[in-house]
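Note that the chains are named A, B, C and D in the order they appear, and that numbering of residues resets to 1 at the start of each chain.
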Amino acid sequence: MLINVAETVVADALRGMAVAHPELVVDVENRVVVRRDAPVAGKVALISGGGSGHEPLHGGFVGPGMLDAACPGEVFTSPVPDQMVRAAAAVDSGAGVLFLVKNYTGDVLNFRMAAELAEDEGVTVASVLVDDDVAVTDSTFTAGRRGTGATLFVEKIAGAAAEEGAPLERVEAVARQVVGASRSFGVALAACTTPAKGSPTFDLPSGQLELGVGIHGEPGRERRAMMTSREIAEVTVDAVVDDLRPELPVLVLVNGAGATPLLELYGFAAEVHRRLADREVAVARTLVGDYVTSLDMAGASVTLCQVDDELLRLWDAPVQTAGLRWGR
Amino acid sequence: MSETALDAAFFVRWMTAVAAAVDREADHLTELDSAIGDADHGSNLKRGFTAVRTALEKEPPATPGAVLVTAGKTLVSTVGGASGPLFGTLLRRTGKTLGDAERVGLGELRDGLRAGVDAVGQLGSSAPGDKTMLDALDPAVTALADGFAAAAEAAGAGSRATVPLQARKGRASYLGERSIGHEDPGAASSALLFAALAEVAR
Amino acid sequence: MLINVAETVVADALRGMAVAHPELVVDVENRVVVRRDAPVAGKVALISGGGSGHEPLHGGFVGPGMLDAACPGEVFTSPVPDQMVRAAAAVDSGAGVLFLVKNYTGDVLNFRMAAELAEDEGVTVASVLVDDDVAVTDSTFTAGRRGTGATLFVEKIAGAAAEEGAPLERVEAVARQVVGASRSFGVALAACTTPAKGSPTFDLPSGQLELGVGIHGEPGRERRAMMTSREIAEVTVDAVVDDLRPELPVLVLVNGAGATPLLELYGFAAEVHRRLADREVAVARTLVGDYVTSLDMAGASVTLCQVDDELLRLWDAPVQTAGLRWGR
Amino acid sequence: MSETALDAAFFVRWMTAVAAAVDREADHLTELDSAIGDADHGSNLKRGFTAVRTALEKEPPATPGAVLVTAGKTLVSTVGGASGPLFGTLLRRTGKTLGDAERVGLGELRDGLRAGVDAVGQLGSSAPGDKTMLDALDPAVTALADGFAAAAEAAGAGSRATVPLQARKGRASYLGERSIGHEDPGAASSALLFAALAEVAR
């Protein structure tokens, strides 16, 4: 690993973000990344956060048209409430704050505590949970679906609504609509190595793959013999489409887990499109790249979000962040 | 034994012993978490209890309740993850229940811990049998009626008893049936908590 | 690997680029990627290319403000002359074409043949070689320095000059100036796996690293015991600065080899800045990310380019490509 | 032997035999290239000679010169890398030098190959001793005076003799002293070229 010591990995990365992105205010000590022009008068502020190791999520999505602040936790560990409280104080213009929370017990609990503390300090806080991973059965016998790739769609689209000046209830409603319209499924071809552990988080012999993995290096639901890109696209697209049953055109995120070459990811995107055509799903936009990563895990995930004209317009709206950038 | 009266210094020693145990067992806890979680439980608790030790050394609180409230708050502010709010709530609620008494007896501690464990179940919407820390905490508090050693033993047994369970809460629940056959990391660290208690009480 | 079969990897990836980027014309059969509005009247056209496996280089840098066309070869194999001839025909507006060629024997020979063929067809062609890698001794006893990270600087800055309407001689001169002002050095923490070979191109035991690696999975000049991010930054920055001896502020590219997590790369960027400060080198801009990759190699490289006001202005000029995007 | 007169069909057989040899040895060539290059020489030549075989089958040229020119052009258009232009130039220039004779003798072939090998050196700014294909090609052409078998033997020996050399050209030169101790992949494939020639001449 290209690190100093495991203990300083997150702080070191934040120092690097600070030198690379003068358009951000990076509070290394308190672990908060804020857009430089915050608080933006009259604008609802969006705050997200979660464990580190998923870069560019979330810090790379701070900027005009997306997040106002991000709170990075330790690697694969949700942030502590103090971070979100501090972020809320930094970005709230009085129009209220929306917490975008990936559905993991740790994230849910820490953001919930933060919301209580921030409200004690007079900030109006709404929260939306992102839970898009169809690999996890959503029942009372689990912690519910995990939040994965849809986070990008939620942050981008709700961010556009906020940037346009929509009030908190509206931005929250848009975020919920995107969550409801999004589903994901991921596969791993090799596990990742966390700085603290120093060796792969699970043992995946070459020639095998894990179906239905999350983004924290946890094993998936099922291990199989290696499949071709086309076969993986079929399994992945089918899992998502069977659950979502889209009736509108979809945004497609073909997301790399970290170590899968972009060359392979584009090839996989072609197969994903092919399978979507088989399934008669119309595609509105396609994004290919490493956006919601799991350190150096090899593999990919597919997220679909079905969009009406308004969500598509918000998706196309300008965004200026380190990790996602278009328009203007 | 039920006549024991424990002062703030005892609680500081307890937390310090937990910190030492977590330091020692961090890799093992991370190993357990790597099988059915995300390989961070050891480093999470190490970071948290190191901060607890520092906080208690810097300004040693005057009462048992204050020691636990400080420890709990520190965990919430430094751990993150699921275990930060949960362990933090356990200690904070226990401490609050102890109030500002200078010394507490075993019965009061047991009542305090019972309130703490209930708060954990409430916060986590979880119950014993879900393959979480509650599977060690709950029997330990019950066994505390028979003394510290019995509580430590019950916590260890409870943790080991999570092996055959299928997880219904936390990250391990994503694995469905594949969570069976592994010990829950949070139950294992809860057993350390009670082992340390027995150790300092000896 | 997330592939179908090794033989179709490049074609599959081009199909994926086509679905993800409607703003590009992707000729999968002939392996040419062209910006949709080409030829742009009166504009000098920039063409680059090289082996695949370095994505987003070069196809991801086609678009306004950068390249007019890219010619991807097989993985780590330079393209054939037919590709560049076809690309030149597609993008030449009559203002001439500039070939930007990374200095490898294969690229040099194939682009040279292509230039002769294109000139036979009436296209005015100039060529600039990129050779920035200080790990290679530049002597008559080698093929000369390799072209690596500086390619991004050359394509961006010369692309900006061309977009502004500069004539061929001027665009060529700018490209040469950038080459002369740029140096790179790279390290590998793990080798990459090419689709054709299916196993790592060299054997690097964990706990060791290779200093002075290129971008084709070839071993470096020296193997050492693992170092910290800070130590690697020192060796890397020193190698570049000792050779370049910059007197002007520099552009810094902290480039990921492919499998190194962005989290680690940002941490490394912080250490690079620290060492540049030690060496009293002023930094004008910093870019951190996977731009010139080597499939799934783990590691990073540092490229510096010293810039006067004019080069900096051209660097800051708008660019709209899949892989690099700002301004406008 | 110097009386041999070789027709277009012979040259087609030669190229077909090279294609078969490259198919067979592709993994080995890539293995060699992986030690001091970029692990693509085998797949490069396989792609190229497969295309040569197809081109020659589709429209078999009428003269030896035309066979080699077609083969050379096809390699340039399909291989890429360093070896595409170099092997392509070797065959194209040899073919051009043979002109449009319907049959060529051994002496003419040797003169043609000599011109081809010189063109490779010119294009690559390289010479024997640089640890490249020339270390097999050059002695092979010289030995062709003693017949096909001698040429094949010289090519093989020349290729093996690249092992102790330090590369001065191509990708292997980046390795400096670390290039010593490995056989040059282009020299090894050049030896296949002459082995195939000896094989079809037998």
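Heads up, the rule we're going with is that a residue touches a chain if its C-beta (ideal position, glycine included) is under 8 Å from a C-beta of that chain, and two chains touch if they have at least 3 such contacts.
Just so we're clear, the structure is a prediction, and the values are computed from it rather than from any experiment.
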Quiz item: Going by the contact rule set out at the top, which chains touch both subunit A and subunit B?
Solution: none
Practice problem: Indicate the whole-number Å distance between the mean C-alpha point of subunit B and the mean C-alpha point of subunit C. | Solution: 53
Exercise. Could you tell me the distance, in whole angstrom, between the mean C-alpha positions of subunit A and subunit C?
Key: 29
Practice problem: Averaged over CA atoms, how far is the centre of subunit B from the centre of subunit D? Could you give it in whole Å? | Solution: 73
Quiz item: Where does subunit A touch two or more other chains at once, residue-wise?
Solution: 75
Quiz item: For subunit B, which residues are shared contacts with two or more other chains?
Solution: none
Quiz item: Which word fits the touch map of the chains here: line, ring, star, complete or other?
Solution: line
Quiz item: Hey, which chains are touching each other here?
Solution: A-B, A-C, C-D
Practice problem: Using the touch definition up top, name the residues of subunit B that touch subunit A in the complex. | Solution: 30, 34-40, 42-44, 47, 76-86, 123-124, 168-171, 173-176, 178
Quiz item: Which of the residues in subunit A come into contact with subunit C in the complex?
Solution: 1-5, 8-10, 12-20, 52-53, 55-56, 60, 75, 189, 228-230, 232, 254, 258-271, 273, 283, 286-288, 290, 293, 295-296, 298-300, 325-326, 328
Exercise. Could you please specify the touching residues of subunit C with respect to subunit D in the complex?
Key: 6, 51, 73-82, 104-106, 109-110, 113, 135-137, 140-143, 146, 194, 196-197, 201-202, 214, 216-219, 221
